Each structure stands twice: as structure tokens, then as C-alpha cells.
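Submitted below is the structure of interest, expressed as C-alpha cells.
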Amino acid sequence: MASSKGKVLLAYSGGLDTSTILAWLIDEGYDVVAFMADVGQEEDFEVARSKALKCGAKDFILEDQKREFITELIYPAVQANAIYEDVYLLGTSLARPVIARGMIDAAAKHGCQYVAHGCTGKGNDQVRFELAFYGLKPDIKVIAPWRDPAFYNRFAGRSALLEYAESKGIPVTQTKSKPWSTDENLFHISYEAGILEDPNTTPPADMWKLTNSPETAPDQGEKVQITFTKGVPTSVKVASTGKEHTDAVDIFFTLNNLARLHGIGRCDIVENRFIGVKSRGCYETPAGTILRAAHIDLEGLTLDREVRRVRDQIVTTKFSEQLYYGMFFTPECKYVRSCIPGSQATVNGTVSLKLYKGNTIVEGRVSQEQLYDEKFSSMDELGGFKPEETTGFIEVNAIRIKRYGVGQAEKGKGGSSLKAAYALE
Amino acid sequence: MASSKGKVLLAYSGGLDTSTILAWLIDEGYDVVAFMADVGQEEDFEVARSKALKCGAKDFILEDQKREFITELIYPAVQANAIYEDVYLLGTSLARPVIARGMIDAAAKHGCQYVAHGCTGKGNDQVRFELAFYGLKPDIKVIAPWRDPAFYNRFAGRSALLEYAESKGIPVTQTKSKPWSTDENLFHISYEAGILEDPNTTPPADMWKLTNSPETAPDQGEKVQITFTKGVPTSVKVASTGKEHTDAVDIFFTLNNLARLHGIGRCDIVENRFIGVKSRGCYETPAGTILRAAHIDLEGLTLDREVRRVRDQIVTTKFSEQLYYGMFFTPECKYVRSCIPGSQATVNGTVSLKLYKGNTIVEGRVSQEQLYDEKFSSMDELGGFKPEETTGFIEVNAIRIKRYGVGQAEKGKGGSSLKAAYALE
Amino acid sequence: MASSKGKVLLAYSGGLDTSTILAWLIDEGYDVVAFMADVGQEEDFEVARSKALKCGAKDFILEDQKREFITELIYPAVQANAIYEDVYLLGTSLARPVIARGMIDAAAKHGCQYVAHGCTGKGNDQVRFELAFYGLKPDIKVIAPWRDPAFYNRFAGRSALLEYAESKGIPVTQTKSKPWSTDENLFHISYEAGILEDPNTTPPADMWKLTNSPETAPDQGEKVQITFTKGVPTSVKVASTGKEHTDAVDIFFTLNNLARLHGIGRCDIVENRFIGVKSRGCYETPAGTILRAAHIDLEGLTLDREVRRVRDQIVTTKFSEQLYYGMFFTPECKYVRSCIPGSQATVNGTVSLKLYKGNTIVEGRVSQEQLYDEKFSSMDELGGFKPEETTGFIEVNAIRIKRYGVGQAEKGKGGSSLKAAYALE
Amino acid sequence: MASSKGKVLLAYSGGLDTSTILAWLIDEGYDVVAFMADVGQEEDFEVARSKALKCGAKDFILEDQKREFITELIYPAVQANAIYEDVYLLGTSLARPVIARGMIDAAAKHGCQYVAHGCTGKGNDQVRFELAFYGLKPDIKVIAPWRDPAFYNRFAGRSALLEYAESKGIPVTQTKSKPWSTDENLFHISYEAGILEDPNTTPPADMWKLTNSPETAPDQGEKVQITFTKGVPTSVKVASTGKEHTDAVDIFFTLNNLARLHGIGRCDIVENRFIGVKSRGCYETPAGTILRAAHIDLEGLTLDREVRRVRDQIVTTKFSEQLYYGMFFTPECKYVRSCIPGSQATVNGTVSLKLYKGNTIVEGRVSQEQLYDEKFSSMDELGGFKPEETTGFIEVNAIRIKRYGVGQAEKGKGGSSLKAAYALE
């Protein structure tokens, strides 16, 4: 073709959808560079490379982003106890900023004016990718074929995709797709759509890919000790092997393997997407589930109560929502992230855990930090302060409460009916 | 003695401490009425009665408060997803307002000017009892012997208590006390103090009283369906028995028995007491653990996202803290409780669960509420809205983010270094 | 025309824009009914009526919504101390739900399938109107010409509008428009756009329409007493007239007139619109400014501290944002509104104020509620509690703080360098 | 006396109370060093020195803490928009940490094992002093005579104090005390107690010391321009003098003088003390009132909306409460303070103000920060984004809201009664 409309960096997965998009973009007059991030998903990257090139890609870029994913995204999330709607550990959300950053870098390097992705028009990922693109490069141009009527009307339904693939000589590896969608990286795998769209359908046993079920996990549990330094895991000791792991990536994969074996990290929820629809998702987050439990436990021992209260309200809640909504490269997320370190200075110590058939059981914790003090806490001895001082504490706390009670009584709600004063109408 | 100093209603447990306090109060010139609340703890109340009377109590009052405990305290906590510091389900905290209310009623009925309790001067329970007393009856007089030097200096150490008991002919049932303290009711049991004061000591296997361990739980799990109406459980169907339970108390005990059998509800944490010391506690909360998981799951399906956000921030966080700090009978707790019903109107439906060796596994949920809609959520079909509308949604959300990026760029932080704009200094 | 595309209810203002839209909608094949809400703006409604009919409207509907605006929107905002970004009292935001509700009712009554408005595509009001329409009638169809390229491309610039008006015989009253836009209702007037878009331009003195400037206000101030019942103003006594006003609308207009005279209620801010751009706005909110000051003052006397803390965090912040973002008819706003009454039960009493040249000066307040108690508060006498009890209160509050200090000292940050422990790095 | 009980550093004010305490401590067997902080209060320090020495003090220490008060306490409070209960600008609260730190330093230098203060047992200041002492030096011993029955029973009432002073030869300067108490520093003066304890008593005109009343302020206003750098004022230009002030202390005093002249900074509230009683206080905070208004205004122009939301929720609210409750030297306040700088990086620019008879009127603002952009904001031109994109934004925001409406309709609350769905029961 004489003149290209420009160069597009496409987030390529190797699957039918993005292969079709790749070929279609070329049809539309673009030059396309295929980009693939290695964030720990199970994938034959060489197969993907040759497929992309076969589809007509000018180039295929594979970026190993595993370490930055762990150290720059996952560990801050551990420090923050990040969780969405009490259940979801944000595995897809955490990978998106890393991949988007890799794409913006690659787009600059390869002279692409456009970035494109294969996300659907109803999900969170389109938002996460695009807001990250715009945050990193406000003038980048985005192509989202699944929101373009020219594309989505033409490729409505799997058969249209298959037919087009055949016409373009694109090899289709899976003749029959699974009745759900997945997104996998080293932190988690998600399952949604298809048969899962009925929230009352129990996921089939063979859906779960990363972890054993609690039922099939070994009868013999495992013991591990995780040491945190300023809230980040810096050592894992495994009882059965006697080995200690200290490299950030090694720590993560060690825990991941143990958790997969012992059936840890599954969940199944109906969550609220950013665009305002509810969505059913199933997830496996093996290492992340252990790390969250261990980190929360150590904070119990080492974090001041009121620091924790403030942090919970602001960092945990906000950072989780920002991640889920795709707001990582925003001023507010930068601000919230700047509030993490101040909360983690004392989160140093070691947590002992037993992993057994889906359970992460805390068995003990120890720290050189001195906020816990047996002398103060002990019920068995005096120490730290005089018991009668607590009387003053209670009496002063009661001033306001008594005053309210007296006021209620004076309004005819007192005496035997004061109890009624606390009944809800 | 010719004239009494007045009449005291004593929160009596039947143990060595409160028996000693009972006798000592009589020594000090008070008439004493012993009060015992049946909140579902395992206890021989008749033994306690005869012991109290033997110690010199003028009367022994046993109040069955199980139903009100479940319906007035536990179920609101379920509606609110109440939890303290991410782990503790507030079993002791929830019982205290019920018992304190029983005591204030009994004190009025029996003409007691004083209420007394056997809580130590370092714990939360003294605060919870006394603030509840003052909230309900601002002019009540409280006697807390463990904060009175005349008492605690005299009875420093177990041998002094035993010696005094012997001198008074008080029967001592346990010659050797367990190396920890417990508080039990139908919702939970707590373990603290003694050997548990070293936070790195793993609790001995024989400490846990209510539940099987995951290891000793049956190899065959159980399936249950819990139906909630406005956030309150109103039916439980048990697969193995085929029975449906609909009475509030029956529901609770049914779940409790299943959870105990299947090893559900243990936890072990270092928590922050109201008085500002850290404390290690182990807990078993069988039914409560299942109910919390099920209720959160159903809210995923039935509660609007933004209602949930507001509720989480205010009701869940505040109500949990108020319960823990003993602030139930306060204006602020009444206010927060008044904010629960507005959040639960749509929380109607049924959750299917599998209980297996410590795991509470959600397998599905269904509701007549219509906030979830497959047509909107489906990735496989158009429906509900046009994909290209999402483009506008993303673009408008990006306005602010792009503007920030442009501003950063103009400050020399743009271009290839825009990524650096999001690095923390 | 033989067959209409359908019937449109148009929010009609009588100005050039909505007159053009009216005529253009007819050109496009719609039947149009013009709707005007009387929310207290200064307007000759008969002139508007004849103009609408002249433009081709099938009907002209004028709805007097002043009372519902005051009692259903403004007074809840007073109860909640609603304010946006510390400055803006939400005058436009508060009127939109009332008008939108009036329109949905009128659309049903007059068989309109469509509603239309003349808001621009960059502002908040388009969002407020449309989200309210959809909340009240999810299947209503909305026409927003200023977001329709067919319209906005044709009518880019005032001259195109004037030319079209001339061609349609639409009378143009103002030959030269003011260099800013306004929105007026009984609660406020806003000024934005035009010369105000430079945020460093001081608004010209003759812009301000409702209030005297502090400089031109009378040298003699006025005294008023406002009585609140459950947080709602139920009486206003004016010193200079000796009159008492008790009707909700009369109260409001009385305060409005006094505030206008005494130069109260102007502000000038750069605010953050919902769509993510910053915008400069100038506002006059005469009565609202007085009511907010008086209500906050009375809450100081009558509202429990902790109830206030919870309310501030949830109701004040959230309700204000919901109003600004046009989220009144949403589940979350209904929820937040349901949390207002529980906070206002004790907000009963009377505040005395002096109004003088822009100042609203609180001079005293009185209430039958009993949360304030001179005996407790007095520095001059013992009463309520023993001073030495405060020692216990302080000591117990210090436990945690001392423990942190000791921990810092043990990390080599103690002694003379403990001060440094509180320095920020 | 042969041997002293130890050495006490006493916070000395020069008044009757602390002079009596000084002499009484010596009677009790202590050596006493009198400490006075110059935090900008109006005081003849030489008179105080000779009085202290005459009372028997071993030494008199005067510490000039004005600059640190302004730069380390007041300016962070300005950055945080700190305010207590919507009204009080925390003048006393802000001075206490500085004075306490001066005392702990002086105690170390002069070998004092004790620190003492003359605060009453019902107020906030005792808590603020003592928690600061303990935070800085956990093992310091505190003497609080007004909470010691031996002292407060002996000196109940002013006549006992006067009699004792006479017996000790302590000169009493004021024969008749004012019918209220004050606390003055460069930031503010407070008035409380005495006749002010009736919250309905209007403060007498001659009470106010620092500021003109709006009525007596000049008829001619003043214009000033305040420049902030990272949220801290770094320049003030005064129109009438043409002078620019750039030193931190000079800036503050310049604004203080202007505000005093123009009647700015008075308030009168009933507030909630930390110990749980309500208290009426009147305050004058001249420069602080101007700085808060100017800082908030500049944030409107320069701070991202969502950064502001997070900051408001956490820093503004928490820091204000921590200051009021005396929690400056605590881990949680250190944490919250660490969250200030991240929010102020862009708060750079200049605000133009007019000061006139109690009013601080914003007239304009300008900044090199680029978050405000006329092109985006302008109503008069297209620019920045396409109007039709807003349709998508609104439609997607409406998904959730429509879905709720449909759900309501299906529950029989729809159609003409959907309006009722938003009515509160």
C-alpha cells in the first residue's frame, strides 16, 4: 500500500480476537506492530510471534514485565491491603498499568501514533488501558475496535471472526472456545462471561486452572515464615524444604506455588464495574491471598492503631478503587501512593503461617518493633499504668454519654423508658 | 450487719473471681444480688446459682437473653458486615450491650443502687459494661473491684483468691486454671492472656473449644442455602438433612452447628484495645463467619455500588468501632444504626454455600432484585447501551487526567519523562 | 407536516437559545411543548409564553415550583450544611431535581416521548437534567441539541442564532448579550463564562444583581432570630419590624430580602465540574448564607460531637457532591438523604444574628436540648466530674503515645533526638 | 529546706494562678524553674521575670518561639485548611505543641524531672500539654495542680488565691479579673468562661481585643496579593503601601495588622471539647482567616479535584482534630502530616483580595500551574473534547441509575409512582 494511515501498536494476545483486529487494522490502512507483555501468563510467546507476523504485523515486541509488575504494583498493593468490595484482590487491575506503560514506551520507540486494544466495550479493561495511555501520553490516539460500529457490526458473533480468520489464513488454535473468558498473569487468573453470567451457576470444577481445590489439595499442610520490611515481603522460609527465599520475584513465585498446591486463593463474586453494571467474576489469586493475610496480621503487631485507622480509610479504600477504575496514572493515585510509605515504617517482622486445604492459618508473629508490650497488655500483672486511672478514662468518656442520657430523660424518655431512647423508630 | 451500704447487682460468672468479689462486697457492707445472663455460653446455671447463694448473695437472677442477642445485636452486625481491624467479628463486644441492659433492668427491679463487674482494669470489657450502664442509666453507681486498690492489692495473685475462697467456704471447682482466659457466648468464644500473651506462641490444638480444626473436620463437606430478607437471614436450607430453618434463633444455631463441625470460624490476631494497648486474641466465631461471607456475597448482587460505598465508609467502619469500644448506648451509635435499614432494602435473595474444612465457599446466588442484568453485563452481546457511548465516558473521564499530564509536560516532566511524573520522590 | 416524529417537552427559558431550539425541533419534525418552571427567578412569564407560542410551541406550561424547591431541596441542604468545595452553596444544583421532576410529570401529562434542554455540552447542568430524567423515567428519550453536531455546527456563534431567529420571526429582546451567563432562582444567581473565564478578572461591580455590595449596604445593621425545629427553620423574627415569620416560604423570602439588603452571600471561586474541567463561577446566595451559618451554630449547641463527626463525613460531604453531580434521583442519594433525619432530632433552638455589610454575626443561641451544661463546662466551679478523673483519661490516652515514644527511643531516636522522631523526612 | 523533692519546670504566665502554683510547689518541697514561651502574646516579659523570681523561682526562662510557631505549625495548618467544627481556626491548639516542645527542651537543659502547668481540669489545654510532653518524653513526670485535690480544695475561689498571694508577697497586678478567660498568641486570642458560659449572652463590644469590629473598621478597604509556593505563603503585596513582604514572619504580621484593622477574624461558637463537654468560645484569628480563604481559593485553581477530595477527607479533617485533641506528637499526626506535601506540589500562584469591614473578598487568582484551561472550560467555543462525547459520559453514568429505576418499577414503584421511589418513608 502506498501510504499508511499511520502506525499502530496493538496489545496482542495471540487469540482470535486480536489476530482479527490486527488483520483488520491492516485492511483499514494502518501499519501494525504487535505488542505482548510477559506478566507471567502461561503462553507460548514464539507461537504468538509467528502468528502475529503471519497476520501481517510489521514487528512483534515481547516485553518481560514480571519483575516490575511484582515490585511496582503488587507489593504496594500488599502494603495497602488493597481489595475491591471486600473480596477481589485486583489481579487484572494491577497488571494493566504495567502493560500500558510498556506499550507507551514501545509506541515511542517504534514511532507509533496509535495504540489499540481488543477489550470489549462493556468491561473495565478498556477504561484501565485508555486512562493509563492518556495519563502517560495525553495526545496518544487510541483505537478500540470493539467500540467501533464498523468493526463490531461486521464481527458480531464468533462465526464471523472464524470466517474472516480463514479468509486471511490466520491459524485458529482453539476450534471451540471455552464457555467463559479469562485473563491470566502471575498474580491471578480471572474467569467471567459465558456460562458464568448466570450468577447462580456454580463454576465447573475444571474451570479453575491455577489452584487445586481445597478437596484435592494435599492432606499434609505446609508451614512458611514470611518476613516483611516496611510492609514489603523480603524473606520467605519454607518448612518442608528448609529453604529461604529473598529475591522479590523468587519470594512471589515460591508463595504462588505453595498456594496453588494447597488450594488457596479462589473467590467468586458479583462485583460492580466502573461503567456501572454488575458483573460476576471468579478469580484465583494464590500468593496474593497469603500475602494479604500475613501483612494484615503483622500490622496488628506493629502498626499504631490510629495510623491504621487513617490508612484504612484513605489508602486502602482509595487505592483499591483507583486500581479497579483504571486510575493509576492520575494525580490522585500518585497522591495516595505517596501516603503509603508513611504508614509502613514500622511494619517489620515475621509471620508464621500454616497452609492447608484452602486455609491460610496464622500461627504466630514476631517483630523488633515495640508497640506491643506484654507488660502493658498482660491481664495477670499490674504494669504500665494504674488500674484506677482507667476509671478516670471511663468517667471522662462517659461525660458526653451521660449528658445525652440526662437530656433524653428530661424529654420524658428517661427512667424505665431510657432503654427505649436507643430503640430505632 | 445492721445497715447495708446499699444493694449491688453483680455480674456473676460462677468463677473464682466473681465469687470472691461477691463475698468481698458483702464484707464491705453491701447487699449483693448475683446476675447471670444466658447468652448461650456453656454453663451449669444451677451450679452457679447455688454457689452464688452460698457466697451470700441475697438473690440470684438468671436472664435468658439469647434471642435478643441474636436479633438485636448479631443480625444488625451481619447487615453492617461488622468487623474489627479486618479480622475480629466482635463476639464479646456484641454481647455486652445485651448483658448490660439486662443488668440495668434487673437493678431497677431489685432496687440496686450499684452495679458491679469482675472485669480487669486493662481490658475492653470494663469500658463496654460501664459505658453501657451510664448510657442506660446516667446516675447508676459502678463498682469495679479490679480497679480498686483495696481489692486488687489484697487479691494480687491466684493464691490470695484461693485462700480467701477457702476461708469463706466458696467451692473452687477448677483447682488448676487454664493458661488463658475465655469469654463464651452463642456467637463466639475468645481466648486471651496467659501463654497467649507471647504473640508468637501458636495456640495449642486443645485450646480451641467450639470448632473442629480444618484437619479434623469431616472429609465430606456440606451445602447450605441462606436466604436474606432486607439483609437479615430468614431461611437456611441444609442439603444433607433437606430441612429448612426459618426461626431467627433456629437459623443461627443451625449454622453454628454446621460451622463447628466443618472447622469454620477460627482466627488469631493482635488487636488494638480501646485503652491503647495491643492485645493478642484468638477467637472462634462459627455461624458469624458464614453469615458475613454470605451477606457480603448477596450485597454484590443486590446492592447498588454507590450505596455500598457510602455504607462501607460509615456504617461498617463506625458501627464496628462503636461496638468494640463499648459505645452501643450512645447517640452516635443510635445514629449509625439508624443508617442501616436504608442500605438493606434491596438485600433480598439466596446464597448457596459449600462448607468444607474451614472454607466457606460461595457457589451461587439469586435474587428477585433487578440490579444485576445479564443483558447489560454480557460480554457476548450488545445490549443496554451502545459501545461507542463508552468512548465518551472514557474521554470525559480522561479530560482531567490529560490536563494534568499536559501540565506536567509543560513543567518539563513530559515526553519521555512523563512516566517519571508518576514516580514517587 | 403530516406526521410528527413525536412530542418533545422542552425546558424553555424564553431566551434566544431555547427559542432557537424550539423552532429547530419543529423544523426537525417534532411537536414541541414549552415548559417553564417558576423557581423564583425574575422573569416575565407572560412574555415567555407568547414568545414560545409564537415560535410554534403546541403548548406552554408554567409550573410554580417555589414551595417544593424550598421545602424539599433547600431545607434538607440546610440540615446537611451542604456546600461544594468549601464555598459554593449549590444553588443551581438544588433547583435541577425540582425542575426535572416537574418536566417528567408534564411530559407524562402531555404525552411527550422526549424531553429536551438547552444546556451546553461542557457544563454540569446537562448532566444534572439528564441523570434526573433517567432516574425518574429510565426509558425517557433526551434531546440535547448543543451536543448534536447537526445543531451545534449550524448555530456556532451568536450571529447564526440571531439570523435564524430573524428568519423565524422570533423576537430578540436583548440585542446585545451580557458578557457572562447567569442562572437565577430564588436561592441564588450564578455568573460564569464570558469575561469571567479569566479567573484573575475581578467581576465588575454592576454584574452582581441580587445583593448590595458590602460597601453599598446600609450603615445600620439588622438583628434577626432564627428558630430551627429538627434542623429546619420554623420561625424568623426581625428586630426592626418586630415581625415573626413562620411559613416555610415566608421565612425564606424574609431572610433573602434582608441578606440582599445587607450585602450577604457573594462568592467567587474556581470549582471542579463533574466532567473534569475547572470552571470559574461567581454566585450570590443571600438567605442560604445566613441559614448555613445559623444552622451550623445551633448544631454546636445541640448536636452530640460524635453524631456530628459521622454526619459531617457522610451526609455533608456526600450529599453536597451528589447534588453537584446531578445525582439526586439515585439510590445513593436516597440513602444519604435517609441518613439526615437521624442527625437532626436534637437540632432545636434559636440563633440570634446580626447582619451587617456582608457579615453574618452570631450573637447568641439558646435551646431546650440539654447537651450543653454550664455546670460541666464551667471553668469556675467543680461539677459534673472530679478533676482527678481527667488524669486517668489523659494517662490512658497517653499509653499508646508513650509506647510509640519508647519504641522510637529504642530505635535510637529517643532522648534528645525524640523531637526528631516527629520531624518529617 | 535541706533536700528538694526534685526540680520542676513550670509553664508560667505571670498571672495569679501560675504565681500561686509556683509558690505552692516550693512550699511542697520542689525547686521550680519558671518557663515562658514568647508565642507573640502581648506581655511584659520583664515584669513576669521579676515576679517569677520574687515568687521563689530558681530561674526564669524566656524562649522566643514565634518563628517556629509560624513556620512549623501555622503554615502546615494553612496548607491543610485546618478548621475545627467548621468555625474554629485552632489558635490555642496550634501553639501548644510549640510551647510543650520548648518546655521539654528546657527541662532537659535545666535538669528538671517534672513539668507543671496551670491548666484547669476541665479544659483541652491540660490534655494538649500533657500528651505533647509524653509524646516527646515518655517518662517525664507531670504536675497538674488544678487536678490535685490538695491544691484545688485549698484554692477554691479567687479570694483564697489572693490571700495566699498576699501572704507570699506576690504582687497582684489586676485587682479585679475580667469576667472571662483569655489565651493569646500571635495567631489568635480566645475568650471563654465567666459571662460567656451562657451561650446566649452576646459578647460585650469591649471584650474583643485584637480586631476592630466591622462597624469600627475603616470605610476604605485594602487590597492585597498573597503568593503561595507549595501551599505556603511566600509573598504579600499591600496595595496602599506598595510594599512586598517575603519573610515568613513578616508576611504573617503584615496580614495580621491588616486583618486587625479591617475587622477580620472574629467568631463565636459552642464547640465540643475533647473531654466530652460542650464549651462556648469566642475567638479572633486575624491573619489566619485571610490565609485560609486565600489558600482555599488558590487550591480551586491549582489542585486536581480528586486529590482535593482525598486530602479534604483525610488531612483536613484528621489534622484539625488531632490538633484540637492535643495529638500533635503522636504517630498518627506524624503520618497525617506526611500526607500534606503530596497534596501541595501544585498549589502555586497568587490570590488578589480585598479586605473590607470584616469581609475577605477574593477578586482574582492566577497561577502558572495548568490545571485550569479556558479552552476546556469555555462555554463559548468548542475545544478540548467533542460535545457528543459527553453524551456517552452521561449515558454510561446513567446505566446504574436506569437499572435501579427499572428495578423499582418492577417492584410496582414505577411509572407514575417512580417519583415516590425517591420519597423517604
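We just call them A, B, C and D in the order they show up, numbering each chain from 1.
Basically, a contact is a pair of C-beta atoms (placed from the backbone, for glycine too) under 8 Å apart; a residue touches a chain by one contact, two chains touch by 3 or more.
Chain-to-protein mapping (UniProt): A, B, C, D = Argininosuccinate synthase.
Please read these numbers as outputs of a predicted model, since none were measured by experiment.
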Of B-C and C-D, pair with higher C-beta contact tally: C-D
Rounded Å distance, chain B centre to chain C centre (Cα mean): 41
Inter-chain centre distance, chain C versus chain D - centres from mean C-alpha coordinates, in Å: 29
Interface hub residues of chain C, defined as touching at least two other chains: 275-277, 304-306, 313, 327, 330-331, 334, 338, 341, 371, 373, 376, 384, 388, 390-391, 393, 396-401, 403-404, 406
Chain-level touch network, classified as line, ring, star, complete or other: complete
Contact footprint of chain B on chain C as seen in their complex: 275-277, 304, 306-307, 309-311, 313-314, 318, 327, 330-332, 334-336, 338-339, 341-343, 396-401, 403
Residue ranges of chain A touching chain B (in the complex, touch as defined): 81, 85-87, 101, 104-105, 108, 120-123, 126-127, 130-131, 134-138, 144, 146-149, 152, 156, 181, 192-194, 197-202, 214-215, 221, 266-273, 275-280, 296-297, 300-301, 305, 308, 312-313, 317, 327-331, 333-334, 337-338, 341, 352, 356-359, 361-366, 371-374, 376-380, 382, 384, 387-388, 390-391, 393-394, 397-398, 400-406, 409, 416, 418-419, 421-422, 424-425
Contact footprint of chain B on chain D as seen in their complex: 304-306, 346, 369-371, 373, 376, 384-386, 388-393, 395-397, 399-400, 403-404, 406-407, 410
